[in-house]
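Reading through the structure tokens given below for one structure.
Chain IDs A, B, C, D and E follow the sequence of writing; residue 1 opens each chain.
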């Protein structure tokens, strides 16, 4: 999984039917210091995350393991909202 | 998933049988501003997307979740045509 | 999926049994203009492709969807030989 | 799989239910000499690894093969704590 | 799949139980000329490959298709020891 920062949303009227009940978030994959490793991943969300949140994104078939995304053709899903990241024993991130 | 711009099409007479009823699109993976992150991905399409459309592409086994691509050996499928992308609360893309 | 140019072959006497009936092609992943994006992918082939052919390669579990590769531990299979690639409405590749 | 160095932990109160019993480690993917190849991967752990440990991480659906992570939507799991790495017949790493 | 050069071994006492009967090889992903494309992949092996061998590695769920790795949480397995690689009709590698 990867750390990611929620940056925005993607809306679509024309979409595969199982996505109709899903909100698509735009996230940047980041490191523990917040530097962007991969921009513009579109992810589903089972945590009600919002813009600015640091989250954990799971990718591949894992993205369809949560009950809410089962049967939806997603390859990326937000599965946690991060409270704290520690590196070498020190907190490098705390949720505001 | 990733944002992508539809750039063209790929046609083939000799292909694995389940692909015979499928149109193959050529897309560039892009960021929210349209910069190309990965060129030349070949994707199936369940949204009747066309050249120039900004779309959402799902990859891996997720590409075979839509009814129309079930049983077809694709690893990339267009599952939405984007209406709007917002970043930090502002629209950075609106479909023409 | 990705466009790829068939560059050669890989032969092996010692291999996992299900591969014994399979030919392994060496391909370079390319963009629509033929520039190499990723060299030296080893792929199975269900299209009887040959050196120099521009092909479509599917990756991951999709590579085992064709009847001929079912049960073989491949993660990359040639599923089409390209006739034509169009970009922005113009042909950028036509098979010779 | 990849070698990885455990650098820290990620904690979250709001997370997909199957993750509630799981500890999330932060790891850097490294080469045999310890150089970082990919930073900030979030992995589950079936080996009780701790900060500083050199471990082996498996990715994709493999991450859910261990009994402890079955049914949890992870795409990365620590499946071994490394005792020794040898390259060209010489030990390049020994666990302290 | 990818060509890879076996460079060493990884040993671990603490590991997920299904790995207990498995040897972990350290390999570098290489191109047809032997240039390293990705260092330090940890792979299981169903071919009794040894240091220096040029091999073919399959990744993802394909790594668990061989009988010997079924049920083991690997995402990379050596499935062939290369005898010869030809590019543009000429041999660029022959096993010693």
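Just so it is clear, contacts are C-beta pairs under 8 Å (C-beta built on N, C-alpha and C of every residue); 3 or more make two chains touch, one makes a residue touch a chain.
Remember, predicted model here, so these are calculated numbers, not experimental data.
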Contact-graph distance - origin chain C, target chain D: 2
Computed distance of Cα centres, chain C from chain B, in Å: 20
Approximate Å spacing (C-alpha centroids) for the pair chain B, chain D: 32
Where chain E touches two or more other chains at once, by residue number: 60-61, 63-64
Contact graph of the chains (line, ring, star, complete, other): ring
Ring path (origin chain A; first step to chain B): A, B, C, E, D
Complex contact set, residues of chain E against chain D: 7-19, 24, 26, 38-43, 51, 60-61, 63-64, 71-76
Residue ranges of chain B touching chain A (in the complex, touch as defined): 1-3, 30-32, 37, 46-48, 56, 58-67, 77, 79-89, 92
